[in-house]
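A, B, C and D are the chain letters, set down in written order, and residue numbers restart from 1 in every chain.
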């Protein structure tokens, strides 16, 4: 038998490192997003609009806004992230990129983590950057705005990570958007509570270190567990398609 | 007995409506779950039976299903 | 003929060793798949040998795509046994994925990216390939001049060709190709047929589903749809 | 070992066991609930603080207790679904999720009605009630996801992932809601936690909790049997079962 007629089964060590593969996934998502820049603005506009509804719908009084401001901003940020989650896997699912992602030899949960990170950089991070402006508009004080931004900085990645599970579970279903919200909102409650609670504590002048540390713990927990669940959910959803 | 009379038992010193509403809704929902689950079970048994009886029938050739002839069905105009 | 002992045969992990031609690269035993309460197939057994092209045959709805997705590891809703080089595929998933190339009927091409970017992203997950090689591959599928045009401006056939460009540089020993001739013109079809044949001659194993009448010398086939008739 | 495991997971085996078990479960449930609730309603002494309204405890606590443990049971079954792909675990989750939803609703409803004479308002953002409300959402989400996926196996596995994620979150939710509660309104006095409850109160409470557990067992068996019939309709044993019942 001729040596050339034997296909070489590739040895274990060959191929691309997991980090390189994650970087490739991340940069592709960024590239795709920046080819459609106007879509990046949508969650931000939504964020601003929801915040605007509160002074109009409830009261423009400084005292009310100062007390409710952190909560309003947090709820609005949560809803914007929720709104953008539907796209996390949807386009990849429709064009078949997701199949290829699942068939990559690298651990799927790490690739999902890279995708989720890209999602956060494209939606969560801009919200954090915009928050100080809106914080001033709802009459929050300087210190409170700083703490609010800090909690959003730690909290929005958690929202993206938990959301990735819901997005993966509802992939390819009818009315996936509404279903996604139903599944995910209850899981968002602890982050919301601690996000706003920390700002409230800061407004009263209480030390916030412990709460921030606790939110950090949420983030660590979400980073370690959510990608596994999302990867499992993706396999299930693809299996069904 | 913690109450002096039946009327006192019903009234529960003014808390009667609350207590009895709760118990009422509790029994209603638990009973509804029981009845509904039971009826669904019976319906499913029945449908399984129908499926298998139909399969048995055609297998033995006793009750042949009508062959597909695609003849038009007469509909009276009354 | 060289003398090989048992550990050398079949998928050794060291470079330089390969599967013997007679050793199936993929072996399915009593595969069964049920979808939406409908039995697609059961007791399906076959083996895929290196150096062969295998065509999955069957009418619409007999589960050709599903079978291919099961083989690729995209569909988990099956029972039976699937051996990859004599080992359980599910327990050697990473090694298996390293060695298999799957092209679905959704080609995995991002409309907003250019053919070059798409091809680079698809290949980069598996091995580093120089851009010049990628360009050659794209040119080889007749996409000269379109390398840096966003894919949404390309026709359906051209988009498929971007995905097919992977085949020109792929070194995976097992190819699973779903409806590979869709949206490809007659000239392209015969070129792809030649490509598959060449791949088989190199020792690769190719599994295809297609409605197109594929006739290659030495082609094997898996027939689906007989369960439904029973 | 695996043989036993597989036998335990076999729908046919379960169907037989459940048929034999169900009369006992139902009888036990009715007896315990009757004794516990009559005792609680008519014979247990009045609470010195809340008066007679506290008698709602004999249904509120069992419902709340069971609502939470049903979710834990579903999560355990979800592990079995994902790891061993046992059909019976899928069936269990699907069959009991609506029961859990109803029990959670009952806990919420009785809590709200109890709140009126106690706090003077129907709803209060009390830590327990809020946690229960979130549990209701979790149940609702699981049922909605199950309904949305056509393929049974995929639905079971997707719901299993969701329930597991939920069960990891439940302690976090509980903790954060309690923290939030102390932040906003220090609890004046809680509905259920009494420093010490006399035996005439906790014995009937225990009886009704056990009674509702047995009732849940009966409902779970019945609903699982129904679900098994749906799934295994074409098998030989189902055929024998349904045709034998017609003859007998």
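A few notes on this one:
The working rule: a residue touches a chain if its C-beta (ideal position, glycine included) is under 8 Å from a C-beta of that chain, and two chains touch if they have at least 3 such contacts.
This is a predicted model, so every value here is computed, not measured.
Among the remaining chains, B is positioned farthest from chain C, on the basis of C-alpha centroids. Set side by side, the interfaces A-C and B-D show unequal numbers of C-beta pairs in contact, with more at A-C.
Chain A has its Cα centroid nearest to the centroid of all protein Cα atoms in the structure.
For the pair chain A and chain C, the distance between mean C-alpha positions equals 34 Å.
Computed centre separation for the pair chain B/chain C is 52 angstrom, with centres defined by C-alpha atoms. Chain centres here are Cα means. That of chain B falls 21 Å from that of chain D. Averaged Cα coordinates give chain C a centre that lies 48 Å from the centre of chain D.
Residue positions of chain C touching 2 or more other chains, listed in rising order: 77.
In chain A, the residues that touch at least two other chains are 236, 239-240. Residue positions 151, 154 of chain D are each in touch with at least two other chains. In this structure, the chains touch in the following pairs: A-C, A-D, B-D, C-D. Across the interface of their complex, chain C is touched by residues 1, 4-12, 14-16, 20-21, 24, 28, 31-32, 35-36, 91, 94-97, 99-100, 102-106, 235-236, 238-240 of chain A. Residue ranges on chain D touching chain A, taken from their complex, read 82, 134, 137-138, 140-141, 144-145, 148-149, 151, 154, 157-158, 161-162, 164-166, 168-169, 172-173, 175-177, 179-180, 183. The touching residues of chain B, counted against chain D in their complex, run 1-3, 9, 12-16, 18-19, 21-23, 25-26, 29-30, 33-34, 37-38, 40-41, 44-45, 48-49, 51-53, 55-56.
Note for the complex: chain A touches chain D at residues 162, 165, 169-170, 173-175, 179, 182-183, 185-187, 189-190, 193-194, 197, 200-201, 218, 225, 229, 232-233, 236-237, 239-240.
Contact residues of chain D toward chain C in the complex are 150-154.
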